[in-house]
Amino acid sequence: MACLKAENVIVEFGRSQSGPVRILDKVCLTVHAGSILGLTGPSGTGKTTLGRVMAGLIQPSYGLVTCDGFSVGNVRGRSGRTVQGRIGMMFQSPRRSCNPKLTLGKTIRQIAKPDVDVDELIASVGLTCDLLERYPAQVSDGQLQRAAMARTVAAKPNYIILDEMSAMLDPATTATVVNAVRRFVANGGGALLISHDHELVGAVADEVRNL
Amino acid sequence: MEWGLAHGMRSKIGRGNSVGMLHERWRRRRHDILVMVARRFGFLIPLLVLVTIGVFALAAVSPYDPLDAYMDGRAGELSIAQQAKLVTELRLDTPWYLTWWEWISSLFRGELGISRSYYQPVAQVLRDRLPWTLLLGVTGLMISVVVSLLLGAIAGFRPQSLISRSIGVLTIILQATPPFVLALSALGLFALSLHWAPTGGLTYPGQPIGFASTVRHLLVPGLVLGVTQIPWLVLSLKDSIAEVLTSDAVRGARVRGIPYPMILRRHVLPTALPPFIALVGARLPELVVGSVLVETIFAWPGLGSALVRSAQSLDFPLLTFLTLAITMLVLIGNLLADVIYVVLDPRVDADA
Amino acid sequence: MSFSIRAWTPMLEVSWNRRFLPSPAVSIAWAVLMLIGGYAFIVPWVTNVDLLSADFARSGLAPGAGGLFGTDSAGHDLFIRVAAGLRISLTIALTTAVGSSLFGMLLGILAGMTGGWVDRTITRLMDGMNALPHVLLGVIIVSLFRGSLLAIVASLVLTHWIQIARIVRAQILGLRHAEYVEAAWLSGMSRWQIIWYHLVPASLGQSMIGLVLLIPHAIWHESTLSFLGIGLSVHKASLGTLLADAQGALLLGQWWLLVFPSLFLIAVTLSIGIVGTNLTGRMNGVRGSI
């Protein structure tokens, strides 16, 4: 069955006096296509790190991440070429995850697959088309995060990883984005929802893991 | 014994102890500094070798014709056979990398070749001219350091005063003035209009070299060379002094009633001086360029004017050797400044 | 990076902001720059003097009798010669600045983007080139290729690209882990698309300022080489060549041959320097402290 899977992932950073610091210790996690997996836990337990490992932004020290059976390598290098584009990610801060020098429209169109109707996509996250001509500095955080959601979906990934996506949003925007995630999952995608907000995760996810 | 400890321990740390402190720091960091020097040389020697290779390679592809140069531009008057004979005799038919290899190995044997433009061995040119270049360079350096320390301190301590603002404007204008414009203006003003100084050279025509006449001839070129470097030094010193004076450490010291001279010695000097010295080192290449121009304009018999003459007449043996020698001088001066910087400033790592 | 957010939205918004209204010095610098540019462009174009011929009857006339700026030793009107020299100096400087910026951006992006041994090699190259006395390199190259415009520009580019490459490399190293670049990788963009859409625009602003500030530097270098008599040939006289003539003229008391070319040389470097510094200040959100 199609899934995004982490097996025995160990991540170690740097070196303190007592050897490297182990952030993740033999973690196994499976995100199935067509479902939302919630990942919660207190801060500092490596939720974000696990999300980044599964996206291919960080290479685990040991262990393996596979996406639909292909190994997930470094997305910036040759080893990540096979799964590049299959895993999308939404970040906590839309300010940092959108290029301030590109209009929202350009940001989305640049990476949208040719069969994606950008206008419809924009409408589906509750934005109007005139916002597409604006720069990130000219829209609110909520609007920008919705645009970021549209961008993530526009690349047509098989899985999306949502890293604390609602931390900076008002409830209404959160609801819109959650709807977009649900639609994505209904169309056969898999989602990993990382959040410290138990209520949100409990309400949205099909299955919850505590790290 | 760091600078920060100084306030409370006034009575214990005697006045003359800053030299002892430097000595102590040198002793503690001697190893680091020696490693730094060794690593620098590990970088600089290959760099110098690469530069010489580059020069020889460039000469090979350039329109420069060594045979023509050897014949002082009259190679065309020779027959083809004569030319061919000379080419084999002078070994001009060897590829450039072999020429380079021969050049560099003879360099290590101490044979520097013959300068065509001075009709002298290169070693002789070097021996005759190096002392004068050093004299001019050191004079210029001294003048620029002393004047910038003075102006920078004035501007740094009273940043809003009229005099400090005028210093600011002056430095900006000086920054935009090329050294040769400055040198020519000084020549026109002091030598030609006011007749305060000779127009150039080392002595008056037909007179032997004496101390008094040398000083008279040195004064204007040295001053010009010094002034060309002043703007950068003043601006940097002014900024660092102004920064220290507004720092919390100094404000705290003043609140505690520590006498101002003490603050100057303990805070301002130690913080503002190391970057100043590092900048002096970093400006050395520019000082060399300034020296080349000043020597040319004032007919000062140093390496700079020899460099220009060798470049104008394409005196290849002298040109390559002078390039190497001057570059080496600059690199060593740079390294020296960095060593002083590391000794003076405990915050800087020696491995940079 | 708060810097890039400010840098973009830009210039329009920023320049209307009261805080960034140009100070008098900056306005004057712009005005001087325009005037000099117009003078350097229009005068040689309108007058077209033949520098190869000489008119010794009009040799060495002081300002007034010999036109606005006087005449040189060959009897040419200095007003026209300075304009022509200025034009050549500016052309060379502009070419150099553009060439160095392109080259610097290329190497900076390459170093910042690839990392590893490529980055180490380029960084070493920059350190090495920076340690050498630049004018000295220029002297050697130009004396080997005497009178060649290309050699002058090449020798200038060779020593001027480093600053731009440094700036660009630093900027790209900072951006490499920006989330929007990560998002771009994840969405399937290629390395070159990322460079083109994200990294080049981000480093463009700084590079443009670097380019502007390179111009006075290049003018200096070129005029130094020409002054030493190894730069351009006499009938393509730049300001430096004119000033080389000034030394002899000074001994004859013809001060105007020194004063006018120097004045323009200083005015050009000063005004471009002020304008460039002000642009930097605007970009960083701080007013230039002149």
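In this document, chain identifiers A, B and C correspond to the written order of the chains, with residue numbering beginning at 1 in each.
Keep in mind that, in the parts below, a contact is a pair of C-beta atoms (placed from the backbone, for glycine too) under 8 Å apart; a residue touches a chain by one contact, two chains touch by 3 or more.
In this text the structure is predicted, and so the values were computed from the model without any measurement.
The most distant chain from subunit C, with centres taken as the mean of CA atoms, is A.
Overall, the chain located most centrally, as judged by its C-alpha mean against the mean of all protein C-alpha atoms, is C. Centre-to-centre spacing of subunit A and subunit C amounts to 46 Å, using the average Cα coordinate of each chain. The geometric centre of subunit A is 57 Å away from that of subunit B, both derived from CA atoms.
Centres computed as Cα averages put subunit B at a distance of 24 Å from subunit C.
By the touch criterion stated above, subunit B contacts subunit C in their complex at residues 43-44, 47, 50-51, 55, 58-59, 62-64, 172-173, 175-181, 184-185, 187-188, 192, 199, 285-286, 288-289, 292-293, 296-297, 307-308, 311-312, 314, 319, 323, 326-327, 330-331, 334.
By the touch criterion given at the top, residues 4-5, 7-10, 178-180, 182-189, 193, 197-198, 201-202 of subunit C touch subunit A in their complex.
The touching residues of subunit A, counted against subunit C in their complex, run 55-57, 75-76, 80, 84-85, 87-89, 91, 93, 95-102, 110-111, 135-138, 148, 151-152, 154-155, 157. Remark: subunit C residues 124, 127-128, 131-136, 139-141, 143-146, 216, 220, 223-224, 227-230, 243, 246-247, 250-251, 253, 255, 258, 262, 265-266, 269-270, 273, 290 touch subunit B in the complex.
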